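Labels A, B, C and D are assigned to the chains in the order they are written; within every chain, residues are numbered from 1.
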């Protein structure tokens, strides 16, 4: 196996290297990728067309919004997939286990507990900022969602899984994740119902107090929130399933 | 080309037995009605075929295009002389065999009779479909259909023997048709780009080179393995595990005749005899056929199982037909076409006799049949007539076709092949005549001295006896009135034989 | 000399290919299922590096418009000074756009970043599912060494 | 709503998947109707789209209203309209089949199973319809991730198979992604059509990057479609997964990947580049010959029905890859027609395998003893599928072979023709072995007669309607697209004749 791997790697590497001489140099502003009308359009026209200064967000949520919707679905799929692969017993997330079994595995460490108590609200607040301010600064739904999810993971780490489950029991996780995608696709379907193409936010100005250009910007915020919902929920779900080997009781 | 009519009749003639499947299956629990349906379909089919006869004899053809299935290629029907001839044989013999199989199946209380009659009917549809196919593609379609529809018939007993026989059967037929015919077919299609419609002068001429032609010819000759050309013949004796009516109709008449019919079609309709003559490649096939004739006759001599002996005889007789076609002279081709009919009538008589003997006495082996003629005089009389026809002796139709074949060989200046014909005729006589002779005149003195009386006969039931008598009479009738057959064959070769 | 130049100006490609091959080697040759997944992660990350390095432009900044491009309070206040509405006036979108001057070379190419956000997400998802499968395999076979698992399947037969 | 039809094909199952995830957890009874509803809408939309394509030619649908290359579009022409219809129909039929199989095989995970099922279909449909090279990658990953989970829900061995699939699948998809990167670096575009225009406009055909991009993409897609010898993930995945999973993924995943290959060759790189400039036809056709033969022979050696079918899929992949690389119009038409025909014939036999497994709990072919009398209708369905795989007229499989062989002959690749014929014969052996067991029983009675049958006449144990119905429909479809193959081929021909491939067409 080792020699086979070596041969494969050498062959593939050689093949890939053979094209390097053909590539533009590092940082070349004239390279086709950077010079083609596609990239130019995104840089110069994003703001006029959607009044969003952050081009990455605009490309993500508007020009390639369809891609991003499926990106969210990828996360969603990962969550469900991990759950369905690992779960052995009938899903007991239907029961609201959080409140009754609120017993800590061990005595919480004072320093850790207090630090996390202080940190978690700040982390969550920052997550919300990242989501909401994604138009103007680096950030957006994925980043914000992941940070938000991390806050719950921190909670689970500092105490135990049950404590975090109190806030986000599994049932809620799934619902949140589904609702997130529903929000995203809801924007799309709303456009369809109003007679335009899927995710063509411009038409939404009819039901929004905004101009067509602003409608794009507002809708982007909306879909980012949807993304954040899904991300938050699934990040925590992935952690809790992997950490407890799928039975949601004790962490490894 | 004489005029051609468009009519739905050939399609109907093909479909009628396929449609009969429905009542047969539905009436499965009520055997009398079920067999009624079979008969009705058989008569309608025969009627439909006969209704087309005057038109064909008048020199025109009947055509119908069902639908285009591949670009430039349609499922189409066309009735001409050769197709008519074969259609007549198959549909008329179906009636007789239906009667016979009812007697046989009930006599032996076979299981799954509904399935039997269902696939019997489907096979007939396929046979008529082959007969009336207008192009190579349609021909192939029905050819494959026949292979599959006969599988449940061959393996009817569902025992170990049937399993082996059925396996050989399908292996040979499917592997040759998929392995040889299909590529040849597509090759022809690619090269000509045409609809592959049969015509009296062939359509390949000018599209392919001589070496390609030879390969194609061999692919077709071996690919239609139903014709039993050696070395692809051994499915035929293997398939004799089937119930006798199946052997009778399908393996002496429908299946094997479909094989030779296809080869005749390829020779006359695809290549055209003139083109083959120009290329001078048919001799290869002729010699393979000649080899098959002699070898199979020799093998037949050694067989003790009656059905197996008949099977090898069939292998030989089929090669006569191929040989006749490969001689390419008008008379030889006429002879081989008529031989389809003559041999069919003769051989079916023989098979039905074998079946009747089995039903009445349970005997399968020739060595057990000494003196049996006294107990079953009608059966053995019919057997003898059938034997005469297969050998080609008067007063039976076999003489007519043999005559044409032999004179055709002279026309083609193939003296060596002529000799083969004669040798094989002697061999035919050697393996068929003693059976009848010993049945009536046993060596065993005790048996020989028994007085004969109608009261001591132990014939099989009437459903078995009637059909074989009819075919025996038919064999004689064809000697007296062979004109219409010759006329049909003549339509194909351009002379009015 | 040429090679050196190629190395210095195109080092990003060399790096990505080397990293990628390390990952690929681990994926194929490692016996431990988790190590394979680590290899997979390296492999995917290399592709991300490749894409992101495509979008790099010399002298460009992140692809977000400057604050004063979008909020051109200065430029406007001079223009509108005589009307006396400096404080209250919020220029409309159209007005901003009309005066907007964007030099494409100032900003990095946004597209690779967007694409790689997707690739990152896919990488996370795949890694997660892979780990879940590994856990289940461990549960079922009691090992995460491929050879041992195959051995136990063979002996079970 | 007619204008929205291309988008609805994939958005309907997508939306219902999400609704199902939200509503179906507590209400298991709701899952099945939702799945059927979503897929039925999808089928209807596919039909409408196909009719529109026949009528109007290529249809474009711009997501977000952005025209390519700025936004992502669906670009539906004759090729993908047909494939999309096949995909949605196959998934609908499998869904009907799954009504009883899913609760039986994956108890308490029904809603997750169906959510993943619908999303998998969404992914496959998205792959087929999209006009954007990068979007294709995202959807490949969606269908792949869902497949890993759908397979991993099966037995013990299935998990390991799913893991292997995950590793191989990731390599394949990443190669594809890398190839798209190479294209992007040279053309600056991600839209398939635009990439082609840029390649032509800038005369990039000689560029090593484009060459490497081509190789990497094709190899990546080969891994995903299990082209021999890159097939090792497939047999176990399909053999050990739940039967519904096999019935969904078996017919679809490999075919969709072949679609991707054809799309890449024709639309992105252009046949002039792929066939004329590279001139690899000989090598790749030989590779496919080896693939066909090796896979067929491996299939012959298997005892479990599911494994036989898995290897047959690999052989069929060889057919289509070879057919495409014949660099001949008829070969291309044959391959495209075979995508559709093969989807249905694989579905047919996988449904049969699923029914047998539910009824007998066994995978090995000796489980099929005496089935002709016990389950006559099921056997009829199976026979049609088997005949189609063998290539017996008038089933669809015969005609796809017909076109492929025609392509092989007219391009002079006789080795390919021979491989097709040999594989047909091997298929015949495989299926008649099964038919024999079903007909004779595994130990046939000695001597004359097999009266066992008559006694059991009334003891039929036909599968339930929800399982039988899709099987028989599939069989009918196989006959239908066989007999009316000219209509299908006409659409394909219209599509293929835009391109300049090989020999003249009849």
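Definition applied: contacts are C-beta pairs under 8 Å (C-beta built on N, C-alpha and C of every residue); 3 or more make two chains touch, one makes a residue touch a chain.
The model shown is predicted, which means the values in this text are computed figures rather than measured ones.
Undergrad: Between B-D and C-D, which chain pair is linked by more C-beta pairs in contact?
TA: B-D
Undergrad: Among all other chains, pick the one whose mean CA position is farthest from the mean CA position of chain D.
TA: B
Undergrad: Centre of all protein Cα atoms: which chain's centre is nearest to it?
TA: D
Undergrad: Taking the mean of the C-alpha atoms as each chain's centre, how many Å separate chain B from chain D?
TA: Each chain reduced to its C-alpha mean, chain B and chain D end up 44 Å apart.
Undergrad: Rounded to the nearest whole Å, what is the centre-to-centre distance of chain A and chain D, using the mean of the C-alpha atoms as each centre?
TA: Here the centre of chain D sits 31 Å away from the centre of chain A.
Undergrad: How far is the middle of chain B from the middle of chain C, if each middle is the mean of its Cα atoms, in Å?
TA: Each chain reduced to its C-alpha mean, chain B and chain C end up 75 Å apart.
Undergrad: Return the residues of chain D touching two or more other chains; collapse runs of consecutive numbers into ranges.
TA: In chain D, 134, 138, 141, 145, 148-149, 152, 159, 162, 178, 184-185, 190 touch at least two other chains.
Undergrad: Going by the contact rule already set, what residues in chain B reach two or more other chains?
TA: Answer for chain B, listing residues that touch two or more other chains: there are none.
Undergrad: Which residues of chain A are in contact with two or more other chains?
TA: As it turns out, chain A has residues touching two or more other chains at 16, 21, 23, 31, 33-34, 38-39, 42, 64, 67, 71, 74, 77-78, 81-82, 85.
Undergrad: Taking all chains into account, which pairs touch?
TA: A-C, A-D, B-D, C-D
Undergrad: For the complex, which residues does chain B have touching chain D?
TA: 67-72, 110-112, 140-141, 144-145, 148, 152, 155, 157-160, 162-163, 166-167, 170, 174-175, 178-179, 182-183, 186-187, 189-190, 193
Undergrad: So in the complex, which bits of chain D are touching chain C?
TA: 134, 137-138, 141, 145, 148-149, 152, 156-157, 159-160, 162-163, 166-167, 170-171, 174, 177-178, 181, 184-185, 190
Undergrad: For chain C, which residues are in contact with chain D within the complex?
TA: 24, 27, 33, 36, 40, 43-44, 47, 50-51, 54, 111-112, 115, 118-119, 122, 125-126, 129-130, 132-134, 136-137, 140-141, 149, 153
Undergrad: For chain D, which residues count as touching chain A in their complex?
TA: Listed in rising order, the residues of chain D that touch chain A are 4, 7, 11, 14-15, 18-19, 21-22, 25-26, 61-66, 69-72, 108-109, 112-113, 115-116, 119, 122-123, 126, 132, 134-135, 138-139, 141-142, 145-146, 148-149, 152-153, 159, 162, 178, 182, 184-190, 198, 202, 207-209, 211-213, 215-216.
Undergrad: Can you tell me which positions in chain A touch chain D when the two form their complex?
TA: Touching chain D from chain A are residues 15-16, 18-19, 21-24, 31-39, 41-42, 62-67, 70-71, 73-74, 76-78, 80-85, 87, 89-91, 94, 171, 174-175, 177-179, 181-182, 185, 188-189, 192, 196-202.
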